[in-house]
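Take this structure, written in structure tokens, and hold onto it; I'll ask about it next.
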Amino acid sequence: MKENRLPEINFRHRLPVQIRFNDIDMFGHINNSIYLQFLDMGKYAYFRQFMTDTFGSEPTAPVVANINCDFIEPTKIDEKLEVLTAITDIADSSMTLDQRVVNADGRVKCSARTIMVNVSLADGRPTTVSDPWRHRISDYESHKN
Amino acid sequence: MKENRLPEINFRHRLPVQIRFNDIDMFGHINNSIYLQFLDMGKYAYFRQFMTDTFGSEPTAPVVANINCDFIEPTKIDEKLEVLTAITDIADSSMTLDQRVVNADGRVKCSARTIMVNVSLADGRPTTVSDPWRHRISDYESHKN
Amino acid sequence: MKENRLPEINFRHRLPVQIRFNDIDMFGHINNSIYLQFLDMGKYAYFRQFMTDTFGSEPTAPVVANINCDFIEPTKIDEKLEVLTAITDIADSSMTLDQRVVNADGRVKCSARTIMVNVSLADGRPTTVSDPWRHRISDYESHKN
Amino acid sequence: MKENRLPEINFRHRLPVQIRFNDIDMFGHINNSIYLQFLDMGKYAYFRQFMTDTFGSEPTAPVVANINCDFIEPTKIDEKLEVLTAITDIADSSMTLDQRVVNADGRVKCSARTIMVNVSLADGRPTTVSDPWRHRISDYESHKN
């Protein structure tokens, strides 16, 4: 088996993802669209940890503007997967997430970079990422093990 | 090929359903859970036709309480499918839907009976099916071709 | 909150199921079709435990012939769910599975009875459940905690 | 409503896609992962048209190596969508697909560029796109209306 590790990113956020029987398509592998569900689960869990009290009452929400995803290696039904998520940049109204889906042997299944735009829930317009959110995220990302 | 027709129900409502690549599971057939998506699509289209002006503003909604589904014959990716829907009984606060998924040759893929309960959107409680809804549905079902 | 426990079945097989962001539909609850994915996951894990060495080489496979499912209570995204599975009857060529999806408080979300028919993978015909399978299953089900 | 048209690509291949009730997530829009199902449907239909006699017997298959997708505008349940697909480049063992999902008003919902690698089904290795396939595709793409 060839090496398939990618350049190191220090991922603090790791979420195990459970494979479902019907994630597997007629080729016997997890279908591409399912990896996006895994990336979504990683994003949701990442942001959810900062919203203990404010879930559902935030005035803005990050929405996905672009996903650039390399599909690197197929996955079979009995593999154990995790999705790794890091926010690697925060601009004025947007954020860059780097994510990987890896198996228990550390083999990378897919690697994705996502641009999320912070939009106002009132009018849908891009809105500056608030200082509390910047602090929560940069604090989280800077305290790596 | 053996005969697989079921007893006649006069289905007026017929919705073609489009198969997706990832509906097919590792056995090469449409996964069971996908048929429920087809049944949902039939239900939505059936009720939607009576809500030209009132969609989103009705005080009650029919919710699924029970589905009893026979899975009769597997389906492959290139088949052409339709979901047939009829409301065959309206009780005080519930309705019985009979539905079938059939292919272009009339072969029945699955046959389902669903009990839907009409609930208040305000408090979630079962609520009498209103007279306008009874009339729309019985009028629709009685004018069969 | 009203009591929603059903008659006791002694479920030995319990599988935690992970909710995905897109399991939730526009009503804010897990969509009906998703519960069937959970039931499928329970079935797969149940049978998989008896196939350490024979997975992919068995001459027969159990296929779903009927599912009768009560949808009892809606589920939100942050609940913790398990699917409970028991085989409660084995006839000549078919088996009865009872399954429930429950949350961490023991509230039942759905309760399903599934009839599976054991079919030959060579010709698709119903086939007697083999003695080794009968023994594995009845042994498993009789050793409850 | 702002203009959201992208630079012109002459898309010959257009496939209507049917929205399902459970494509809509808790925000009331089609979930991101569902657009990838639409892109998959476009790809499958595109390639399928050249395989009347050879479906299932080709020695190679194009597999997705990278998807770069802009999510431009949310979609609601009652919109009418099409996925447009064009192969815009064929290299030695890879192909570039440009795809868009548009609604009936021509508004672009997402725009994706996909790199597919032609792999041998025997050993999974990248393989030169065969001359018959090059001719079928370039012939198809050059006869635009």
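Note that the chains take the letters A, B, C and D in the order they are written out, and that residue 1 is the start of every chain.
Going forward, contacts are C-beta pairs under 8 Å (C-beta built on N, C-alpha and C of every residue); 3 or more make two chains touch, one makes a residue touch a chain.
Just so you know, these numbers come straight off a predicted model, no measurement behind them.
Think of chain A turning onto chain D: fitted on CA atoms, that turn is 180 degrees, to the nearest 5. Each chain gets a centre from the mean of its Cα atoms; the one farthest from the centre of chain A is B. In this assembly, the C-alpha centroid of chain B lies 24 Å from the C-alpha centroid of chain C.
Here the spacing of chain A and chain B, counted between their Cα centres, is 36 Å.
With centres defined as mean CA coordinates, chain D is found 30 Å away from chain B. Along chain A, residues 21-22, 31, 33-34, 37, 40, 77 each make contact with two or more other chains.
Listing the residues of chain C that touch chain A in their complex gives 16-18, 20-22, 37, 40-41, 43-44, 77-78. Residues 31-34, 36-37, 40, 63-71 of chain B are the ones that touch chain C when the two sit in their complex. The touching residues of chain D, counted against chain C in their complex, run 21-22, 24-26, 28, 31, 33-34, 77.
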